[in-house]
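After this come two complexes, each holding chain A, first together with chain B and then together with chain C.
Coming up: the complex of A and B.
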């Protein structure tokens, strides 16, 4: 499996970040109303950010594959789709835990929650179609990723007509230095981790494509039947 | 434009001869509505929210059944391949499929709307706005369903995949349709319904243009 030269640097940075983040989060001031539960915020928000970022990376890769027939685009798309589901799961597990404490219930049909859940479901469908779709499923999934990405603003808007109780993004700017620095650090670490995971997953796809090529070459040379 | 009309006419004639899709889809919608009646009616009278929701869910469920069958028929006769090989623009093919699906769904909606208003005892005021809401919602649904229905041509487990791909994407249509219908049925609030109408218009514009744009590369390899 051939990895890009910068991969080790990124992995080292992600590892350092993941080692340092718990210390920073622990030393951050305790939030007065929520107490310890507020610390989930350092984990939940970066997960949500990466989930949405990854969905749009997947759509970009899909567009490259559909319109330029770029195999690299397709590899990028499938890797990003898997990571969307992975970070989406982190987001959907940590969110309700916080919600139980803050709102008294695990789930409400709030705009952000609904949008995030539907995005998650669209990418589950992506992976499902990819796995069980058979021939032509790569193109189908590329179409799905494009439609899904275009759908996110519309879902957000349609649900936002309903009541919103999720904390606004303006919360971030009101954090102050004490909580702001660990938060920014978490965001950065998650992004670096995402890049590392994406590259690793794409390297796997590259290796898989190479194996397929070798199989075909071997068949052509009469080595296999 | 002419090729769209010809392709559409082909679908209509095929269906007029077989009548399979219309009957099957209407009957399916009726059965779905009856199941909802068994679930909701019998106790205290449900609110209009329920009637509006039932109407749109029945439309969505019956829609995928009809679309799934329509493309299955194309596949059985291998007519989709013939269409893709013929010298018509792919976008015309997409638009004609979109309109054909919409036509089928409009027939189903007429029956469903009648049944819902009878069984749930709702009186329809602002009939014109409701029809516009249904038409725009149908176009949005069909824009997504036509694209994925056509590109699922050779995929395995098509019947499961179609609703799996279509439903999450058409959620805004269902929200807009249901909320708009509720606004028309309860307080007869045309301003709210007009807002959702505009929203559906935006949805349709986005997804029809995206569909026209993506249809060509999506079905290109299937010929």
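Coming up: the complex of A and C.
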């Protein structure tokens, strides 16, 4: 599996960020009404941000595949879809843990939570269809990815449109320096980590494409049926 | 040993230590006084009737993220190993 030359630099930056982020988060002021549990915010929001970003990356790759038959686009899409599920699971686990303390329950069928769960399910469906869908599933999945990405604005704006228990998006812009700096650092660290993980997953797809080429060569040479 | 195996091991070790050293730092929190109007408090602010301490929920959230990342990286490494074996086998076939 061949990784790009910049990959180890990105991994090192992500590791440094992951080491420094807890220190910054701990030094951030403790929120008055929720106390310590509010610190989940510094992991929950970046997980959600990366989940949404990854859904858009997957949609972009899928569009490249659908409209330009780009194999690289397809590789990008499947890699990003897996990361959407990974960070989506982080978002959907850390959120209820925070909610348990803030709201008294792990889960409510609130529009923000429900649409976020829907996004997660769509990308789980994407991965299942890719794995078991057989020939033609790549185009089907590309369409599904575009459909999934369309859910992201709905999730983001849901708190502004409907009455919901979930905090509004304005909470981020209202953070003071004490909470804002650790939050921004955490967002940056997760973004760098995402770039590293995406490259790692894409390297796997490139290796898979190479294996397919070798299978074709072996078939042409009469070595395989 | 092929290059990717060495790379995967390095990535695995770096991520493992980054997450778990971060987790250790999280366990050593000391409340700090700030100058921005946030109210400094001691303890967990557990309300009456509340049974789960906030520190446990924060630990569970951080722990889950560490676990998910490590499992995913291990899964990619396992899949890469399988592909590498397949490439070796195909190259041998083609060389004959």
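Criterion: the second predicted complex is superposed on the first by the 209 of 225 C-alpha atoms of A that agree within 3 Å, B and C clash if a C-alpha of one lies under 4 Å from a C-alpha of the other, contacts with A are read in each partner's own complex, and residues count from 1 in each chain.
The rule we apply is simple: contacts are C-beta pairs under 8 Å (C-beta built on N, C-alpha and C of every residue); 3 or more make two chains touch, one makes a residue touch a chain.
Bear in mind the structure is a predicted one, so any value in this text is a computation, not a measurement.
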Chain B versus chain C as contact partner of A:151, first or second or both or neither: first
Touch count on chain A, higher of chain B and chain C: C
Which superposed partner A:44 touches (first chain B, second chain C, both, neither): second
Partner chain in contact with A:129 - chain B first, chain C second, else both or neither: first
Which of chain B and chain C A:139 touches, first, second, both or neither: first
First, second, both or neither for A:66, with chain B first and chain C second: first
Overlap of chain C and chain B interfaces on chain A (superposed complexes): none
For the chain C and chain A complex, residues of the former touching the latter: 3-4, 7-8, 10-11, 14-15, 17-19, 21-23, 25-26, 28-32, 34, 36-41, 43-46, 50, 52, 54-55, 57-58, 60-62, 64-65, 68-69, 72-73, 76, 79-80, 83-84, 86-87, 90-91, 93-94, 96
Interface residues, chain A side, partner chain B - complex: 66-67, 118, 121-122, 125, 128-129, 132-137, 139-140, 142-144, 146-148, 150-151, 154-155, 157-159, 161
Touching residues on chain A, where the partner in the complex is chain C: 1-3, 7-8, 11-12, 14-16, 18-19, 21-23, 25-27, 29-37, 39-40, 43-44, 47, 82, 86, 89-90, 93-94, 97-98, 100-101, 176-179, 193, 196-197, 200-201, 203-204, 207-208, 210-211, 214-215, 217-218, 221, 223-224
Interface residues, chain B side, partner chain A - complex: 144, 147-148, 151-157, 161, 164-165, 168-169, 171-172, 175-176, 179, 199, 202-203, 206-207, 210, 214, 217-218, 221-222
